[in-house]
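The first chain written gets the first letter, and so on, giving A, B and C; residue counts start at 1 in each chain.
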């Protein structure tokens, strides 16, 4: 658990982060959203002491981080930045092995961990271990960046616009990979982005920042239904709200008995995809398939109700 | 498809199109073939008597040279592969040198130790023309660093063989060498010690100084301005100005003269060359460190590297190619500047250059100048190759 | 007026007074003499020598600028592109020739005196200007050159109205570097009897008179700093008007 308590960071008399308090539950993903200059990156960088707070306290599992030497703390926390920040003169393998090496792991153990991680990120170790970062595609570089951050099995992963430099198709894939990895290892992730779509897709909690202040921190559905300020509402996008709400739900959770005609939709698909398919095919209900079997239907009427403003 | 139809056609006719640089090379080479190949002098001082190719060499050899030149010109003029141009250029250059030695043997009357045969304007122009051909071919081939070093070693090996075989002994510059061989090698050692020693010293001092400037912004401008100022002092003045303080040190600091410090000679020359080397090394270290991608530094910090680990593991390795470029610049520069050391009794190849100027003996000037140029050139090739191999990953090829 | 400019003005003033009335500084320079050596150079008028030094450097740099910029323009045009690789290599290889050697080897062709010095300075001055012009003309932002082409400018119009103005700061930096190198290198010309400030220094070296070495070196050094700063200021003014490349 990360507890941020009344934290403030001042530069030249200006509060870049202004008395922010935020608790991040273990094994959850917290996405900090805001425009540039909102203080979101500064807030995140205070968690691994890349920025020292002017006042306030941060506790990790109850321990005040002020008492931990910065380099020790950082070796326990994974860190991923936009544009991956790979060391251009070191091979992929050497890059991933950075923190294990700093921690003095045995050579064998480090090598095994590197190969394990590369495999996890669908990069064949034999093929990629000895390549240099510039020989990789943008998507591959980004995956190596995340693999490097996870090398020493940190409980916490900090990510600063990790997908900012990727094109939309690769970005969607990278987001799915991240969710899968988070589910597998139970890592606590703090992710900074300016993209509300990304925040809604990834976050268990969304923290919206503006002008150094934390405006709202809540589950995505809550943020969409009840934005705390006009700014939060604007960030979500007024005309996007119903679709964003739908994107949070899965077809499987809103199955209705009955039979519908035509092409089926997968139970794991989002309600938003189902809604789009209903509109596009002009049907009022879609059959739902799970493991190749039709298990029920999803209806336009039900989705319309779910997407409506909460009363 | 019209494009597909045209391209093989142009590929076929392209061979016949003239190479523009080849035209220039041909003009230079033709002028070279027309001008005297060697100069004959009855003794060291009298003006030269020009001899064209046809008179400079025995008939068959003259015919061979002309044939080789013609083939070389064809390779230059037409758009053949750069590899072919390179090999032809090297063949012509090799022939020129072998035949220069042959010509000297041919023209020197038996048992005449006064006659001098030196390369004429024609020889130099032919050398220039085909050196251009080789340079162009090498630039187009973009060879890998180690291939370039291999070619350099091959050329140096061929030169050593040619000089060692004695076939060159009648060429005037080698006659100057013959009378002062021990002095030549001792000046060569001094020259190398001056050039390499000053660069080594400057690296040992300059790289930490550059790191210091990088870490502490306030000292940056002051250090760089001071070093800039040093650069504006003309080399001969700096050499001269160091005489007095070093003489004072030798006289007043115990043990200084035992270390070889004295007012004239090698010490002021070494110090002057060292002073000139500092700016490029310090500023390149600084520029290299400033050019390290901020994302890599941020990542290094975020992963918990200490300042030392970051410097040694990330910043210096990434800045290294730029630092090495600085070292390359000063090494090449100092190999040339070390010739000036002779003016203050510091020794080096400059001794022969200045003696030669004093005696208007160009052969003697060449005895000092040619090794200096060869040394500087070889240093440039080797260090360029090193810069390229060390910059793996830091710059896209 | 800033402190820097005040110091520069002061340096210029002292330099002027020294060149006009060198004897006024005899007291200072006599500190560096021994055995009643003359404190002030006495084999020629210092002002004349300095002006001649500047003249040689100016002429060589002017010629080098015209030729180097011209050559760089040619090799960056389509019809001269074949010369680009070889010209880069030559500029690189040219730096391996020590100036003393160039001077000494020019003597048999041109004789002793100013001529070999002019040639050596010219050849030496070419390299930095050529390299910088090449850098300037080949590293233009593609968006700008594309836009110029897209608006239908001819090759000549692109060169004169877009490429040269944008490359100007880099070219001028090359000229500045070349001038300062030439100022120092010209002193070596005196080893082949050119009338430059090197003559003062060499006279000092030969007679073991540090005062001569010092005054020759100081005049060249101060001139170099002043000219360097002056050209830098000129550059700033010109580029301020022409606009800068986004860096």
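Methods note: contacts are C-beta pairs under 8 Å (C-beta built on N, C-alpha and C of every residue); 3 or more make two chains touch, one makes a residue touch a chain.
Computed from a predicted structure; not experimentally measured.
By number of C-beta pairs in contact, B-C leads over the other of B-C and A-B. Chain centres defined as mean CA positions place B nearest to the mean of all protein CA atoms.
Chain centres here are Cα means. That of chain A falls 58 Å from that of chain C. Mean C-alpha positions place chain B and chain C at a centre distance of 22 Å. The distance from the centre of chain A to the centre of chain B, each centre being the mean of the chain's C-alpha atoms, comes to 57 Å.
Against chain C, the residues of chain B that register as touching in their complex are 19-21, 24, 132, 135-136, 138-140, 229, 231-241, 243-244, 332-333, 335-337, 339-340, 343-344, 350, 353-354, 356-357, 360, 362, 365-366, 368-369, 372-373, 376-377, 379-380.
By the touch rule above, chain A contacts chain B in their complex via residues 48, 50, 70-76, 79, 81-90, 98-99, 102, 132-134, 145, 148-149, 158.
The part of chain B that touches chain A in the complex is made up of residues 293, 295-296, 298-306, 309, 314, 317-318, 392-394, 396. Contact residues of chain C toward chain B in the complex are 32, 79-80, 82-83, 85-86, 88-90, 92-93, 95-101, 104-105, 107-108, 180, 183-185, 187-188, 191-192, 197-198, 201-202, 204-205, 210, 213-214, 216-218, 220-221, 224-225, 228.
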